[in-house]
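Quick notes on the structure that follows.
As written, the chain order gives the labels A, B, C, D, E and F, with residue 1 at the start of each chain.
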Amino acid sequence: MDKTKILLAHGSGGRLTHDLITKHLVQSLSNPLLNKLDDAAVFESKGKTAFTTDSYVVNPIFFPGGNIGKLAVCGTVNDLSVMGAIPKYLSLAFIIEEGLDISALEEIIKSIAAAAKEAGVEIVTGDTKVVNTGKADKIFINTAGVGFIPEGLDISGANARPDDAVIVSGTMGDHGIAIMAQREGLNFKTAVESDCAPLNGLITDMLKVCPRIHVMRDPTRGGLATTLNEIAGQSQVGIELNEESIPVKPAVGGACEALGLDPLYVANEGKIIAIMPEKDAPAVLSAMKAHPYGKDSAIIGRVISPNPGRVSIRTPLGALRILDMQSGELLPRIC
Amino acid sequence: MNFIEEFRSSQSGRTLLEYINKRSTKPARFMEFCGGHTVAIFRYGIRQLLPPHIEMLSGPGCPVCVTSTADLDKVIALSRLPGVIICSFGDLLRVPSSRQSLLEVRAEGADVRIVYSTMDALEIARQNPLKKVIFVGIGFETTAPTIAASVIQARNQGLANYYVMSIHKITPPVMRAILDAGETRLSGIICPGHVSSITGSNAWEFIPEEYHLACAVSGFESLDILYCVKSLVDQVEDATPRLDVSYSRAVKPEGNTAALKIMDEVFDICPANWRGIGILPQSGLCLRPEFAAFDAEKNFEIKLSEPSRETPGCLCGEIIKGTRTPLECKLFSKVCTPENPVGPCMVSSEGTCAAYYHYGGKLG
Amino acid sequence: MCLAVPAKIISVEDGVAEVDLNGTTYKASLMLTPEAKAGDYVLLHTGYAIQVIDEKDALETLSIFKQMEML
Amino acid sequence: MDKTKILLAHGSGGRLTHDLITKHLVQSLSNPLLNKLDDAAVFESKGKTAFTTDSYVVNPIFFPGGNIGKLAVCGTVNDLSVMGAIPKYLSLAFIIEEGLDISALEEIIKSIAAAAKEAGVEIVTGDTKVVNTGKADKIFINTAGVGFIPEGLDISGANARPDDAVIVSGTMGDHGIAIMAQREGLNFKTAVESDCAPLNGLITDMLKVCPRIHVMRDPTRGGLATTLNEIAGQSQVGIELNEESIPVKPAVGGACEALGLDPLYVANEGKIIAIMPEKDAPAVLSAMKAHPYGKDSAIIGRVISPNPGRVSIRTPLGALRILDMQSGELLPRIC
Amino acid sequence: MNFIEEFRSSQSGRTLLEYINKRSTKPARFMEFCGGHTVAIFRYGIRQLLPPHIEMLSGPGCPVCVTSTADLDKVIALSRLPGVIICSFGDLLRVPSSRQSLLEVRAEGADVRIVYSTMDALEIARQNPLKKVIFVGIGFETTAPTIAASVIQARNQGLANYYVMSIHKITPPVMRAILDAGETRLSGIICPGHVSSITGSNAWEFIPEEYHLACAVSGFESLDILYCVKSLVDQVEDATPRLDVSYSRAVKPEGNTAALKIMDEVFDICPANWRGIGILPQSGLCLRPEFAAFDAEKNFEIKLSEPSRETPGCLCGEIIKGTRTPLECKLFSKVCTPENPVGPCMVSSEGTCAAYYHYGGKLG
Amino acid sequence: MCLAVPAKIISVEDGVAEVDLNGTTYKASLMLTPEAKAGDYVLLHTGYAIQVIDEKDALETLSIFKQMEML
């Protein structure tokens, strides 16, 4: 009787765990470091090293444009890349709810392998836990990542300077809306797909034309507005946006109108914000537009001295208003 | 044409603003009744573009903000009953009752679900035949017909485990109450657009007729609001108060008769408890006796552990009446923030305090 | 509680319409607007069409704006 | 109204997330790398680097001898240390079930800070997600870790050689039994506490007297038996144990008797297995016994050429039997 | 003294082994009836220390292994009923029925809980008054009294949502069946220790009297087993079959009369379906009509979607009877492993195939 | 299903004993061994004491082993 569903025993540390790891994980993600199955992977490193982690709890686990596995690779690759690092090694840890179809796990692992291949990273260490039915939501994934930062870069959320230009690499809110459309109880359908993508290639192209980029960040949870507020706070500068220049897909706008959401607060998983000296912006922008993941890039605002820690936005009528951080959960509202 | 973008043209917007700024000479106080308008005015940044002698006041038009603590306490008590699923629109979940919000009782284990539509709540009732699904009906005339429609569907489909806790309110009585109080010395009213699409603009004829105030029904796009303000400015400058409809594509004089009929079939008019204002007769909607089987108040024993209390220091009551602004509240943005709202005007996305907080913070 | 958006009816089945807003589609009950039909724009509020949008009136309003601009 | 419970909004990426991170995490775990709150922490590295991850899903989250936070630090510190690495940097990712008491989270963070301090590691990057009630089990923690391996060490599960000695650093099964005693439905009480501890100090002492250690590993899930089977498989050697020399606390033995469990399959969180040339064993053993976390250390067996991939155990009567990997979940049984 | 360590002394063990090896001259086949003995014999490595002409056979004494697929299919069907919580000892969960194990239906969402005691199952019933808690009663005379005790407690406490699905079996009839079949040509029997602590050693008097076979009741520590084997060897060498009790600290001639009384109060003797052997009359325990309210078979409609089937190739039936060993099964350790058990003898921790797999693998 | 272990009764309350095994303690119902009292060793099986252990018999058995050793 071959198993079709994940059982608690798959996480018990015994033979079934061992078999799951060797049959499903090592085979699909194979590389010399992972295959050793030691308690830690060992590699040579040198110089400025970036290290990050994220857990992925997306519901549903499969969605148009990707799945939780692809997301888990791209998210961590992107967090390394926006620091200027060349992502190299990822860890991969599953928390699986008993009863998950093994075929679903296989598909997730396939996507992980594909995303890792595209990003040029290796999964070198991992972990699998299984919890009782009702103690998790199908599957949670954590990845941590290690990357190496070439000489001469200094990128941080604290580096935004007055008169810098603010660029985004494409349309806002695609991922969040694609996910919401899959949720039970929200009766809408959309052609919008998650933008989930590894952005290290795009970022390499950007740094080639301008190693002087001050800040990069991926506007994930909390969206553009929240991420810019974080940067404004870290750098103690003001940021002023131009509402009309922020790219938003019509269908994302349409979904947001009906749900009472603002696309500037909706999550992205394949976009970056980049902040750099104004004079470098045109070159960076054209490098971005030349890359498939940056074709809708746009300059959306600039860094200012007044109102440190605050983000403001110029409305189409010409008024200036505050663009605050997200507060509370992003709930569809009907008011 | 999608009836959105066309009504946000910045070129037309600037033309209307130019007209208003030229035409307006007299100081004027306009109240937008509707919380949706409050938010839109802030989001478009309209306030700062109007002549300084035009003051915009926010009225009682956020159904969450006017919900009394006493009514919310009942909802919280219902959510604690075993075997109950509470369904509500997302807006209501963060509002603090005397002690807790629905989000907080949910975190304690209560089954509280956010729905987008009463149709979703009916579906939840269908899928959980052993549970009792209580939809918390909140909202004005815009929303009440959709709840009425759900009750009719539940009856027609024999759904015996669907209940409505009706905290619905109707808008003309509170408008009268505020005008009668006369505390705010208004020059004109921006009448609610979507309420009026149901009730019809006729509902507001009493404003120019009985109170001799300028008024106009507005939509929610930037041009809708500016066009409405233009009309109010014209009326004030000409001293010819009348009822204008700047949202005629959605608002007819007689409203939506099919919706009014369904609402009338399910709901009776009854007194309602308005936060900061008190109980107003004939200002609420409760289920008719024919629909008693769907009435949460009649089918559950609601036990309150202690008397309801309003939060001391909160000026929501005054703000709803338009006699104070959030900036006059000592708690505003210090103690009271959207993350830790003290009053409902801060928690509701269309609450005046929230609009001031998110969009109105002082710049420079 | 009064967030409502214009959306175009694509199809109707059993009193429930499929409505479109810029490529995103929603279900909308027509219980409150039984007269609505495919091609109409309706105001969508909490999954119900609460009013049919009057295109003629909309065009009239927009033409007033255009006239003002030309002044 | 100050929050006493974790709400979904704490994981929304907005201001409440931001406040949770700055107020609770950065304050307790403060260090220059973490405090930057960039998308990745950046540090200098050089040479052989170890990288590992584990997720912690222990139930209950507080138990005699520790809590899930202490465990999450120790487990990853130990996985680095057994590779010979000096653990330096940890990532920390929470998945929290809505409704968790904030005071519980605070206590967990306090333990994390204390364990990190004891181990001499810094938490430099992190993540917080909140999921709906019933979609997780109070709190799950993932840590990943980075450490640097001094020159001259070569430790791996693949390095066991015939005639090597096998040492364990203390009594078997303490953690698993301490946890089980806390479970609902198992009506037993025990004075046994979890052995959860960071072992890098002990391991440093061992490597000082013998840098030639071939294998180290912490026998966690699956216990001693499973871990030795893994090593036997990786190194393609046999391992023969002497049942009588394996240290087991009487109370652990007592609990196991009644539950029908074998302590050799029960999890440890503060013990290591070390395998080294026989001639080095006495020196290593006395270094271990001199350390508080190794005082019950014992030589329990040796590596042999026959039966590669197999672990066998000499019973007190002198018979030799197979000691297999754990199969299935570790269930209390009554047969 | 804790009555464990003393009975594991390796010095005394070696003495007993020495005695046995000296004394034993005749080839002999001893069957340990009880699965617990099978496991202990393997764990202590006793088999390899006995003289080569003594052959140890495993008998039908694992209650999991002798459970018929048909009975398990019923349990699986019960677990799929809505509102039901299945409680069982951990041992039963991995056993495959015709299609699935309880672990697998649990992974599909069924509420299946492992308990350590029927007292825990009673507690679950108390805490889930809206659910129906079905305890799957499996086991021999050792365990049956504890299930009987739970039924009496449920009755006394008025617990209306507690049920027992009784698959209990009693041991003397199957012992007789095996001896009657005569296929195994035995020289002596190791009688079950804990069964006998309830039934009393008198239950086995028929073995020497009617079948003229050596027999002794054994405990489970190494010395208990060796002492028992010594007794069997003595009986065989002297050709004086008798009933010896090498576990007299726990086994009295009359057994535990209080437990027997409770067992008799709740259970009636009825036919039972033994895997690989078939239905034996008077070999099972079912609830008496007075306790029908607690009888899962009488209170739930058990619908089987298809006829039960044994797994082809599995020799469990033969192994239980002692006529084959796992090594003779083609599936053993190749297709059939503890992770993917084909038959119950591989899944139960006291199953003969599992004992061979875990402890008996060939070395060197 | 016959795993049973000897454990010592520490205390009895309402027919349920607290029993000890090397420092780990369990609850054991005395429904099946009503005669058991504090200080007795009982056989613990699935949360029930199924038999009282006879210390005299145990010592006798052990002394047989000792005698054999001395031979």
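The working rule: a residue touches a chain if its C-beta (ideal position, glycine included) is under 8 Å from a C-beta of that chain, and two chains touch if they have at least 3 such contacts.
Computed from a predicted model, the values in this text were never measured in an experiment.
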item	value
Shortest path length from chain C to chain E (each step joins two touching chains)	2
Chain pair showing more contacts of the two, A-B and A-E	A-B
CA centroid of chain B to CA centroid of chain D, Å	55
CA centroid of chain A to CA centroid of chain D, Å	30
Approximate Å spacing (C-alpha centroids) for the pair chain C, chain F	80
Chain A and chain F, separation of their C-alpha mean positions in angstrom	61
Per-residue multi-chain contacts in chain F, two or more chains	1-3, 5, 21-22, 27, 45-47
Numbers and ranges of chain B residues touching at least 2 other chains	4, 35-36, 62-64, 89, 91, 116-117, 119-120, 139, 143, 337-339
Chain A, residues touching no fewer than two other chains	7-9, 15-16, 187, 257, 260, 324, 327-328, 333-335
Residues of chain A defined as touching chain B within the complex	185-187, 244, 257, 259-260, 306-307, 310, 312, 315-322, 324, 327-328, 331-335
Of chain D, residues touching chain A in the complex	7-9, 11-18, 36-55, 57, 59, 78-80, 82-83, 85, 89, 91-95, 124-127, 129, 131-132, 134-137, 140, 142, 144-147, 149, 156-158, 217-218, 220-223, 226, 230, 234, 265, 267, 325-330
List of chain E residues in touch with chain F within their complex	1-4, 6-7, 9, 11-12, 15-16, 19, 34-36, 61-64, 89, 91, 116-120, 138-140, 142-143, 145-146, 149, 152-153, 192-195, 197-198, 223, 227, 246, 248-252, 256, 258-259, 262
Chain E residues touching chain D - in the complex, by the definition given at the top	4, 8, 10, 13-14, 17, 35-36, 39, 42-49, 62-64, 89-91, 93-94, 103, 113-117, 119-120, 123-124, 139, 143, 222, 337-339, 348-350, 357-361, 363-364
Contact set on chain D toward chain F in their complex	177, 181, 187-192, 249-255, 257-258, 260, 333-335
